[in-house]
Amino acid sequence: MSELNLEQAQTMVAAALAHARANAMNPLAVCVLDARGALKAFAAEDGTSLNRADIARGKANGALALGMGSRSLLKRAKDQPYFISAATAAIGGSLIPVPGGVLIRSGEGKIIGVVGISGDTSDNDEACAVAGITAAGHLPDPGAD
Amino acid sequence: MSELNLEQAQTMVAAALAHARANAMNPLAVCVLDARGALKAFAAEDGTSLNRADIARGKANGALALGMGSRSLLKRAKDQPYFISAATAAIGGSLIPVPGGVLIRSGEGKIIGVVGISGDTSDNDEACAVAGITAAGHLPDPGAD
Amino acid sequence: MSELNLEQAQTMVAAALAHARANAMNPLAVCVLDARGALKAFAAEDGTSLNRADIARGKANGALALGMGSRSLLKRAKDQPYFISAATAAIGGSLIPVPGGVLIRSGEGKIIGVVGISGDTSDNDEACAVAGITAAGHLPDPGAD
Amino acid sequence: MSELNLEQAQTMVAAALAHARANAMNPLAVCVLDARGALKAFAAEDGTSLNRADIARGKANGALALGMGSRSLLKRAKDQPYFISAATAAIGGSLIPVPGGVLIRSGEGKIIGVVGISGDTSDNDEACAVAGITAAGHLPDPGAD
């Protein structure tokens, strides 16, 4: 089955937060979008800063917009900062090119959604997204350096 | 205690969705913001339309922006449509003046957040928000006609 | 002398809030702009809603934008709602056409700034703005019905 | 007590301006936001440029958005300019990554607001914000290089 449902999305949020708590990370904002880019599930740990959710969503939006995990967007931002800047404007203002926006792929490799996380280091944010997607039985695609 | 925490917000989401399912309502988007207007918890039932989440959030934003449940915004929209139109622009574009944006008040009457729901009739959306807030032990303020 | 200085603007804020407190009004946001539309002084009473300041500023912006107290904008909104809607968009999104945006005129009638207030009834908001401007020795121009 | 009230915010504005005058600085715009990002108090010294207030507010917004004094944002802007550019877009367009946006922390370390100042050198702007917050009995957090 190739669609993301609410139960799976909520499992991803819960598992991502559990991973962060088990590793004593900073408070995270965790956002799950479906394949259309529509918000499916979200939670902000107590103590997150005012716009932390917007950063998490920006990682998710960017990954889905260009069809690659946001770690690949970071590489592109270093190589061609003008492209990332222009793409951000073109898609409407929300594309955060650092790790932590991880595509959700079905068994056949189809993109069925994305998890975006912000609050700790980018590497830790990404690790929580991977843990969440894996816990729900899907394949995480964080992109590559 | 006068701050909304994640556990309470997640209780609100779960109880609102349970109320909708028990009453065979259409699929809902349920959004909880804290007192800062920051997204705290969210879930979209399977089958919601593409921008349903934005409608739910617009009800929540509007209620918090002006400090009144969105049922009161509906009355204002009928009495002074130019005011609601102007206020929407002034606060940055997201204010939905129909029932379903319900303020969360603490025991002392302080606004500690807001629940915004969209997907079924406005009256049903509001009833789910009230059920959610009540389940978490807080006071719902839906506004007045 | 025909320029608004900070001391005068702060007198306006203090006198407007004093008038509100003496009359047991709801918590107000009080905004003073200079003749350029630049923010000069501001205070939000404790307990104001999240975007109350934006409403106060929208009254002030609108009055200054069109050179008439916002009571006159209310009349225009009733007569020609499409004009107010279009003007709001044209000036960049912030024009609130209800009383409470009161021009500050010098002895020679020149516009030297504007006070915008929101939080209580529009009539009460306007009365506080008039009290503030008068206390600073300038002439209030609230517009006309 | 962990909320910023108007009296404290006005003390911060007055003390920041007094520090600037005592040190013969350029005219400043001084902005205080509460923990919600809502404007609480503001003053612009006579002679400030047309959009000086927007620069002050952008420092304050950025610090609150990401939960770090704007000196830390400067470091991030140097290390990852694409991140700061993207975050600015994601949070809605106002984030100034130079010193002078100083978080207000309560005794327990909680963020209860932010002071943003612009008009002189960034270091001097920051010194005035620190002076203002200290005068009101709270802890300034300017961020780190």
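A few points about this structure:
Per-chain numbering from 1; labels A, B, C and D assigned in written order.
Keep in mind that, in the parts below, a contact is a pair of C-beta atoms (placed from the backbone, for glycine too) under 8 Å apart; a residue touches a chain by one contact, two chains touch by 3 or more.
Predicted model only: the values in this text are computed from it and were never measured.
The chains in contact with chain B and with chain C alike are D.
Centroids of chain C and chain D (each the mean of its C-alpha atoms) stand 26 Å apart.
Chain centres here are Cα means. That of chain B falls 32 Å from that of chain D. Distance from the chain A centre to the chain C centre is 44 Å, each centre being the mean of its Cα atoms. Shared contact sites, meaning residues of chain C that touch two or more other chains, fall at 48, 50-52. Taken as a contact graph, with one node per protein chain and an edge wherever two chains touch, the assembly fits none of the named shapes, being neither a line, a ring, a star nor a complete graph. By the definition of touch given earlier, these chain pairs are in contact: A-B, A-D, B-C, B-D, C-D. In the complex of the two chains, the chain A residues touching chain B come out as 5-6, 9-10, 29, 34, 36, 38-46, 48, 50-53. Chain D meets chain A in the complex at residues 35-37, 64-68, 80-83, 85-87, 89-93, 111.
The touching residues of chain A, counted against chain D in their complex, run 48-52, 54-55, 57-58, 62, 77-78, 81, 84-85, 88-89, 93-98.
If you check the complex, the residues on chain B that touch chain D are 35-37, 92.
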